[in-house]
Amino acid sequence: QTITAVMQSGLRVMDPVVSTAFITRDHGYMIYDTLLGMNEKFEIKPQMAEKWEVAEDQKTYTFTLRDGLKWHDGAPVTSEDCVASLKRWAQQDSTGQVLMTMVSDIAVVDGKSFKVVLKEPTSLLLESLAKLSSRPAFMMPKRIAETPASESIKEFIGSGPFKFVASEFKPGLKVVYDKNKDYVPRSEPASWTAGGKVVNVDRVQWAAMPDQMTPVNALMNGEIDFIQQVPFDLLPMLENNNDVNVEVLDKLGNWTYYRFNHLHPPFNNKLLRQAAMHAVGQDDVLKALVGNPKYAKTCAAVFGCDTPYADTYGKDVVIPSNIDKAKQLLKEANYDGTPIVVLQPTDLAMVAPQPIVIASALRKAGFKVDLKTMDWQSVVTQQGNQKSPSEGGWNIFSTYSTLATSGNPFGNTTVAANGTKAWAGWPEVPEIEKLRLEFARATDETKRKEITAQIQKLAIDEGVVGPLGQFSVPAAYSKKLTGVLASPITVFWNIKKSDK
Amino acid sequence: MIGSASHPRKPGPSSELRAPVLEIDNLAVQVVGEPPVRHILEDISFNIRPGEMLCVVGESGSGKSVTSLAVMGLLPPGSLRTSTGRILVEGEDILKASQARLRELRATRMAMIFQEPMTALNPVEKVGEQIDEVLRIHTKLSRAERRAKILEMLDAVHMPDVERIYDSYPHQLSGGQRQRVVISMALILEPKILIADEPTTALDVTTQKQILTLIRELQKKHNTAVLFITHDFGVVAEIADRIVVMNKGRVIEVGSRDDILAYPREPYTRMLVSSVPSLVPKQRAALKSDIVLDLKELSKTYAGRGFFGRGRSIAAAQGVSLSVRKGEIVGIVGESGSGKSTVARCVVRLQDPTSGNILVHGDDIAKATGSQLRPMRRRVQIVFQDPYRSLNPRRRVGDSVIEGLINFGQRRDEALNRARELLGLVGLSADAMERYPHQFSGGQRQRICIARALALDPDILVADEAVSALDVSVQAQVLKLLDEIRERIGIAVLFITHDLRVAAQICDTIVVMQHGRVVEAGSAAEVLTAPRQDYTRALIEAAPGRDWDFQNFRPL
Amino acid sequence: MQAIVNPLPGESSGQASGELPSTVSAPQTASVLKQLVGTLKSGPVLVAFVILCVVILAALSAPLLGTNDPVAIDPGSRLRGISPEHWLGTDAYGRDTYSRVVYGARVSLIVGAGATIMCILLGLLIGVVAGYFRAADAIIMRVMDGIMAIPSILLAIALVSLTGGSILTVLVAITVPEVPRVVRLVRSVILSVRSEPYVEAAISLGTPAPTLLVRHMVPNTIAPLIVQGTYVFAAAILIEATLSFLGAGLPPEIPSWGNMMSEGRMYFQLLPGLILYPGIVLAATLLSVNVLGDVVRDVLDPKMAKKS
Amino acid sequence: MLPYIARRLLATVPVMVMVAVVVFAILRLTPGDPAAIIAGDDATAEQLDKIRQTMGLDKPIYLQLVQWLARLMQGDLGVSLLSGTPVLSMIGDRMGPSLALALGTIVVTVIIAIPLGIIAAWRQGKLLDRAIMTLSVLGFSVPTFVVGYLLIYSLSIKLGWFPVQGYKPLSEGFWPFAQRLVLPVLALSGVYVALIARITRSSIIEVMGEDFIRTARSKGATERVVLMRHALRNAAVPIVTIIGIGIASLISGVVVTESVFNLPGLGRLVVEAVLARDYPVIQGLILLFSFIYILINLLVDLLYPVFDPRIRY
């Protein structure tokens, strides 16, 4: 039995350590396994690890692997493999990098166990090993994990529930996974990336379709079984179809936001950032982007609503569109009419509408706006450009992230505020940087909540990031499929396919 | 109606007893669609008997072709249609016949040969197949039978190597051979009537002679009635039994050959016949004036085609030497492809000569380029054959005439005055300046071209077949004009023609070319009356109607 | 061969110098206009003319035709059907479809006409050089071959990411790959006209090359260029739609029939009007341009007219 | 003949080199960074630099060009920056669908357009002619993707005659192969049918004015024979020329069709590669396109003598 799934993009980069692309991450969860998993209650659970032991001083963690773990080439999984994988991952991953500043040693204890020695106690170790996204800590055989971190791996062997079929791989078009018959699932029920990954089909085939209409038609015509992300505008076509389920699987969802360029006028002026944040209203953005209110909701929290660190500070600033207030701030700041360059990608439905709505709101407030259209790839390249807008730089761009990634101050790159070293936009708010480090060290949840609330306040007040609202993208699948799991990661275990 | 079409004064001996195969009775053709009815043909009546050769003559546009197309039922459906009259082919009125019946009749009862052998054949089909098509349409013969019949027919038109010809494409044949193919196609089913619309006009004299002989021979053999359309009175004198004279869509006069040529009744006919230039050269005193143009060993080789084509070079002119004196008209004659135009084009430097010298008043212009060439352009001018394409249709005549003057820096108003003068010189009124070329007849256009060429006061005028496209009547006027101008301004003229009659009329000196070489040169009288070369003699002998003195309405 | 060329129809003998034939057949500036006006008597031509006039007028006077701001978004009332406020409904951003169709006429006409003009001017210039100056020919034609081999989408995406999407980049992306075709056409006309006797006559009158080209050769390219032009016009508007489809077209804010259809495609089962309305206007415009192009061609080139 | 072909093919080398160099320049001038795509949009500058280094993108452009050309001389088109797959094998993989689509389109176009053009020429000026010509202009004014959606909606979803998307190679059987091609071919043919029908009509009308047509009629040939046997073959050269140009410009049309019908062909590859700035893939594709283009031109030229014996090489 084969499940044919249309994913939101084609798989081209296959090294989940090099790339943070969602499709690469999803691919990673198919063929690799992680030491720890996370369940729907945000609890960290053992996955490849049988168990872990923490020393008295809270500084030494010893992980022991489960029995029967095997690489797809038949070799047993050893602790050496895991140590090598961890090291490669930590070099590349942003959370991993922070973690490594607190780690003094990672060492093999015996064939089945290894230990991580910390300089100071932190919960970051377990959290990052159980990290859902993006760039989870996948385990690979040692010889592969020894590839330099900036170079892509060339062999795709993991210990996960599916095997990659190299001979049928067509970059960007098609990936085929066979059931890994040697995989020993855990006995707990599957939940997110934790629990038993029981595979009930022989094959999973991923396809990518460039035109969004095609998969919808194909699903209605019974040619495919699963669409990872249904474009909102096409939902009505599927919702009325009796052979198809439409369901939000990623209940966490995504948040969309925009960034100011803090380096150049006019948005090096905090007042004008505030003005813009007052002008832009989340409702308009969400209507243009999502349309159906069932799948969208306004949210001011930079770590997402419905996540442990949700916070409502600033909701009166970022949620409604308050043109009068914006005008007033504009006047106060003596806005000189410098045109605002807004980058607008045209080829990606999930990011195309935001700039249009932002531009419209800013114009209403009295800003002069120059909407610059380009393909998404150009936006990605442009956003790193620190030059002034008149020299090819930008003032505003907008994108979205999954909350699975952005739910804490480390996964969420938008709150990094260390000036030109920060992510595109380059806000410089030293207090935030301090708070982030504190967060890493804090082990107590209430303390952490306090810290994140402070970050939230600073992020809104300083205009570090402008939240535009939250949305979930529904998946659609044929009624032939049962046991489709809701999870922030699209997973194909547990699914059964009937013939009718 | 003038003349009694159905009762020729002197019916030919062989045809008088038999009923006519074709009878045209009171035929009128009109233009479709225009509210004021415009007739192209009116009141056309004449007939042909079996075995008779009926020539239709008349100036361009007089309706000769339209008449023949009407007989074939091939009038262009969107634009012309018969309005009254009858066309009886063996007693059957083809104007009443259905399309299917018409198709049956074509090629079996009546067949047609067209003027242009170059375009009358489908260029992408083997000629054998094209003849075969006639048999396939009209007979039930087997493939082998048809082939045998075609080969026999090709043999009958004196084609060499008939098997090869059968499998040749039209472009692989010469003009004469193509015309033979067309004739084979027309005659293979032995139709009762053959209509030949200027079948030899596009051929050179020697080929023309062969084709005329061939038609005559086949006509005798099958007793075919031939309707022969031509504007060449030489041909008429040679072959006609009877003659129909047409003018402006009407039949002017019908009569036996001798009647029309010797005793034309209508002034129009008289005018036409007397316009035919005489083959007897005018006696002129040899000129002793300065040599204006001197060609020394001029050669031109056309290189094969460029980058990708296989090189196949043609020596179009080889060591041509000749000279033209002030006030002299030097004629170049020779059959098609002998290199006449090549010489002319080298002289005006539209083509770069490969070697040799072109001395204009002693200056060699053969190698001049760019800026050196410019002053020389003033001194040598050319008039081309085709009056319809020699003037830019988008420009007023006045602008065309002054173009050269403006190029050489004259003020516009002065140039316009000069143009007016020149148009007067060539016999056109000054209001011609404001009009466009299409508003003039061919003859008038040719005069405009001459005026344009004269505008720069050239020393040398090159006329490449300048009168070949014109009707005899117009031709006579243009020739007269050239002669006058020569007298008046003493210009030297290099006159290229394939028509020996014209050459005889106007040239002081004649140069005969063959295969790119000068084979004979001398005064017009010498060359035409006492040719020294066989080739020249053959050319003269091939000229049709040599034994008729048209100016004096009598045989020689 | 001494071909005696058959005279054009309407040429009677005319021995007397003053006599003029009655039929007029060749082009002539004064009468071209009159002839063009005359063609309006035919029904289809009149309809085409009226449609094109209406479209052009609509483009010019778009703000006066009861339109709203075509760029103004109103996500609150998106994807509405026909209503008194929105005569043709609204699109996915709640923009007024009617206004966008009307304003789209501006952009689409600019894209169509702009590409046509640029193609023809460039093609004419390069084609004339290639056709007249034999030395340059081989090189120019090789370069043209090379340009033709670069797909327009690549060019469009490159330009759009280089300079941002704008009418100009779209125009360039459409024009560049089309130019070689115009060049070929012009070149072939120039090559065939070179040996026309009236051109040779002008040469022997010492007419300098630029004058020769402008006066005697280029006018012959006009009729075929008009035919080619109507094709480029249609192609440009369609390519613009295709570029929008691929995300490399005009900025989505700027309304054009092409990007409206491309944006509307997602709703083609829900709200077919989003494709239909611009589509209908586009089809009508192209049809009119074609009919009128043929008419102008016929008037300018009686040879073609006789045949087709 | 053979030397001619050899010369022509040789003459393509400079064109292809020119195209290669120009495209190389265009690509490198275009903003966009494959490293950013590989790493994802929250990669740090340092990580990007490292990736660029490993891919050799940090070297000066001319050096990259020289290296690329040098490898090209050895027949090596390089590997995809993203997936590491050899460009040649990627192109090979994608060739089939595009070729099938293009050939299918040509065949369908010729089968539909030429008879339409002949009929229009035959009924010149009549209602039928007008109708055909009007339809052909309409064919021009509907974007391919709209045609595609309409076909899918009516023939697949509503009637269920054809699958809505996908491709099966011929090796999996003719019917599965053909079934998936019908709709894309129809969608893509629209514009070409319109174009070629017009050209056919006007070429035939032009030929119908020639003298030999009159000759054929005077033989007693029926209009059908005149049209089909005499006019059509003589009109073939311009028609073949336009078909040639059409095929060359198919590449752009193929992109949209392949997207709408999810055919894994070259058109899609080129868009994907351009959007992802996968330089080696783009360069390889452009080389391929210009070669195909030149080849088609050559083919068209070689076809001329078949239709017109006057043309010889």
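Per-chain residue numbering starts at 1, and chain names A, B, C and D are given in the order in which the chains are listed.
What we mean here is this: contacts are C-beta pairs under 8 Å (C-beta built on N, C-alpha and C of every residue); 3 or more make two chains touch, one makes a residue touch a chain.
Given the structure is predicted, the values throughout are model-derived calculations rather than measurements.
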Let me check something: if the centre of a chain is the mean of its CA atoms, which chain is farthest from chain C?
A
Computed distance of Cα centres, chain D from chain A, in Å
39
What is the distance in Å between the mean C-alpha positions of chain C and chain D?
23
From the C-alpha centre of chain B to that of chain C, how far is it in Å?
43
Approximate Å spacing (C-alpha centroids) for the pair chain A, chain C
48
Two-or-more-chain contact residues of chain C, please, as numbers and ranges.
157, 161, 246-247, 265, 269
Could you check chain B for residues that touch two or more other chains and list them?
116
Mind pulling the residue numbers of chain D that touch at least two other chains?
30-32, 145, 149, 259, 271, 275
Touching pairs here come out as A-C, A-D, B-C, B-D, C-D
Applying the document's contact rule, which stretches of chain B touch chain D when the two form their complex?
72, 74, 78, 102-108, 111-112, 114, 116, 119-125, 133-134, 137-138, 169, 171, 182, 185-186, 308-310
Which of the residues in chain D end up touching chain C in this complex?
11, 14-15, 18-19, 22-23, 26-27, 29-32, 124, 130, 134, 137-138, 140-146, 149, 153, 191, 195, 201-202, 205-206, 208-209, 245, 248-249, 251-252, 255-256, 259, 270-271, 274-275, 282, 286, 289-290, 293-294, 297
Within the complex, which stretch of chain D touches chain A?
30-33, 36-45, 47-48, 50-51, 53-54, 80, 82-85, 90, 93, 145, 149, 152, 156-157, 160, 163-166, 258-262, 264, 268-269, 271-272, 275-278
Touching chain C in the complex: which residues of chain A?
212-213, 231, 233-234, 236-237, 283-288, 291, 344-348, 352-353, 356-357, 359-360, 371-378
Mind listing the chain C positions that touch chain D in their complex?
44, 142-143, 145-146, 148-155, 157-158, 161-162, 177, 181, 231, 234-235, 237-239, 241-242, 245-247, 258, 261-262, 265, 268-269, 275, 279, 282-283, 285-287, 290, 306-308
